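Once you scroll down, you'll see the structures, which are given as structure tokens.
Here come two complexes built around chain A, the first alongside chain B, the second alongside chain C.
Now for the complex of A and B:
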């Protein structure tokens, strides 16, 4: 059974703020959704071998040096990139 | 009398070769139509890029150079496929104004042959939805009736193709996002085998389920595009080595002795009109020499809960990258880095996305991991085995694409689970990683299209496209009315 405290904790871990109204909605919805997905526990001993759509195989390749993206290109999508770096405010 | 089902791509190709219309003229007409359109199918258009490519194609034609089939064909990409220098929003406020610095492999391939990218099409936010309505610009409309949704999540592509404002398009399919909107809009949509098409540059929703697929007016269009975009790519470690398809060469094969399996469980709780039309389609196949057999596939009852556990778990991890630091939306007032990230995500993501992140982190959190995530992974194995077993007896499976036809806009629901039920016919395919196609097979009493789904064995796209093409040639359901482009296509 989902509790309101759990939803609040999950939101914190998900880095999402919820207003008290949003928390109430999320709590009520989560109760329903968790009940819905709990159908997976009706099955007692499911197969434990295959768990991926594609047969798993290691995808090795030669370790070749290829050109990387130029710094200025990578910083095109941020405001306030400083001297070729992402700029973040110091945590308080 | 079978009609001529020549696809849109071949018809436009011929027009260009015969110089009936120049590529630039054609592109301008498409762009004009997009601007006049009220389908809300596009998030952004890219006139400059489109006309630049069109000029290249015209130059090649006028100097007598050969052009390939996809060259100069005006098309569109779902807005979660990265296009260098062209805004790619995923239908989300959090990626508004984001311009990728590299191309997805599929767009790299298509750009090389001078495909005309008209613009980026509308979608449910981060591909999470079945109506296209969770998009930050509102949903795409259904060209058959503007009061109805186009379906989702690739609603924009399906709406644009059905509404004649793109010759074809690429969408992505995680739980039905190519097939369901194709079904709602009366067009053809293919979800390829997991690993057949490179996912490099597709902004991830659920990486073990996502696959890029083509949407077109006819099976032939979808087949041409699939043959071109499916190949090994060393930039995607789940891309399958050594694959090469020629599904086009197999379209005309007769269906004598084709073994079609009909899983009983797919026909429970299905809308009456949908069921009747699928049963008529089965009769058409029988008349073409195919053998029909009903059978049980009880494992699919777990498909929806398994899907929502796995897809949300993967989404919560994939979407952790949106933090306002490197790209996209960034909150403006904050005291420290944690507050900046939390505010950015809370303001940038829509309701459905937040809901799925919360569920994903819930099923992955300690104490619940074994009960939900691990259990779902094991059940996934069970579903894969059930499909393997079915394909040891049948060549293809035939089901409805969706239990219902397009629903009215802004329909209200009692709970999110009620909306999730719309995906019941499509999600098992993604869980099993097999290919499936949606093909129009009739209309309901409101004259809205109905789609049927043909499912195949892994890497047997040729077989499902063949079965779909033969049905299309035999019937008149494909939305194949003349293209109103001011030129005789």
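Now for the complex of A and C:
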């Protein structure tokens, strides 16, 4: 079970400030998610640890350089940033 | 009441890989902001991290070099927190199962500082604060780190210094990190508490974040020890909190506390699969390790006749140690070489970083030649030292300063002539000496040394003079 307080706490940790309607929606969604996960848990043999859907391990990369993105591209989503930086204005 | 200090250290070290931990951007210091970035390391949704194999190799090497147990199976976890230095709102780290556990570093006293764990994680971006605004550079975001966590075994700021310097030395030898504190590739968080001497119960601890200099770290520890002892002495209570050390005032101040207790909600990162190593992988890495500082110190003391403290001074800097070994080749007394390094080279290059680089003008072979001249009795120590100073200044060889005639071993008859001459021309000193002032001999000796231009052996000359004066 999940409580409203828990949802509020998670929102706070995520720096989300919810109105009471938004909290209601998030609470209902979260309840649904927890219910679904509990169903999955019921299907699982408790003696068997399942980490991933497949048996893959050691998916590694070689230590080889690939050119990075041009800075204009990197800063495209923040309107070009400021002086080459991402930029956060002082909050009032 | 008397109090004792209890310190544990968490040291973050950036790894010397070519690329970042989860993407193929360059891992490099000092570039233009946000030029080592791609959608993975700036945390765009829908991107997938892929672990750099070299990060595991270096983390395992660090563990082996610090006597850790290597966990053959481990994984990456997510540590959730919201702060602008981390664009994904989580840091990929290791939580339940770190790659290395239960190691130690031994101090020169023989005391072991236990290492609780070494785990791998990604570094965060760098925030630049200007007039209240924040500028963010993600070049450092995704740079591979290991965090080395000790048990609270450190009981003085001196031990803390020795531990950190030893850790630096080890990690440089095994080429895991350059450990440059001033560039941020090594940073320490310090946990400090005090307790009444002899008490088993640990006191309330404070954490001082992000020390980037060994000197400031020791000052911060000393300050915090005094502060906490004073509080307890006055029947107060130490508040558990995170502190910042202020270099200018040499004091600590509270960092603004987050409203909530930290709740990182760690969970296994579903984007990354388990890391499974074989015994063979670990053995291969073990075999690839170079000779470690402790082994070198022992070898220099046992095989080369260098004192343990001198060996420690040299071995601390890998380049100095390599220079020492090359310069000692074929010599009867490598100790003479270590004396030149500590007594003269270290006087020219004084700072830690200069000694680490060991950029000097002469080659090991040039020092080797000079010491051979001493061992062959061609020149005495006095002349050798003067010559070596000039060699260090100019990069020239001993032969450029010492002429052939200087190096001719002086004949007994020639030496006797010079001694007689010196006795004749220093009648005052001679009278003083004969009158019982033994020190007056030094003046005559100095005169002879000048005349022989450093060819004569001081002890031999002294004996000769004493004999001549006795029979005069």
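Note that in this section the second predicted complex is superposed on the first by the 59 of 92 C-alpha atoms of A that agree within 3 Å, B and C clash if a C-alpha of one lies under 4 Å from a C-alpha of the other, contacts with A are read in each partner's own complex, and residues count from 1 in each chain.
In this section, a residue touches a chain if its C-beta (ideal position, glycine included) is under 8 Å from a C-beta of that chain, and two chains touch if they have at least 3 such contacts.
None of these values were measured; they are calculated from a predicted model.
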Which superposed partner A:66 touches (first chain B, second chain C, both, neither): second
Touching partner for A:37 - first (chain B), second (chain C), both, neither: first
Touching partner for A:29 - first (chain B), second (chain C), both, neither: first
Larger contact residue set on chain A - chain B or chain C: B
First (chain B), second (chain C), both or neither touched by A:85: second
Partner chain in contact with A:13 - chain B first, chain C second, else both or neither: both
Chain B and chain C footprints on chain A, overlapping residues: 10, 13-15, 51-52, 59, 61, 69, 74, 86, 88-90
Chain A-touching residues of chain B, taken from the complex the two chains share: 98-99, 101-102, 194-195, 208-209, 234, 237-238, 240, 301-302, 304-306, 308-309, 316, 320, 323, 325-328, 330, 334-338, 340-343, 345-346, 349, 354-355, 357-359, 361-363, 365, 371-372, 375-382, 384-385, 415-417, 420, 430-433
Of all residues in chain A, those that touch chain B in their complex: 2, 6-7, 10-11, 13-18, 26, 29-30, 32-34, 36-41, 43, 46-54, 59, 61, 69, 73-74, 76-79, 86, 88-92
Chain C-facing residues of chain A, complex: 9-10, 12-15, 51-52, 56-66, 68-69, 71, 74-75, 81-90
Complex contacts: residues of chain C adjacent to chain A: 17-19, 24-26, 32-39, 42, 50-56, 75, 80-82, 84, 89, 128, 131-138, 260, 263, 265, 268, 270, 272-276
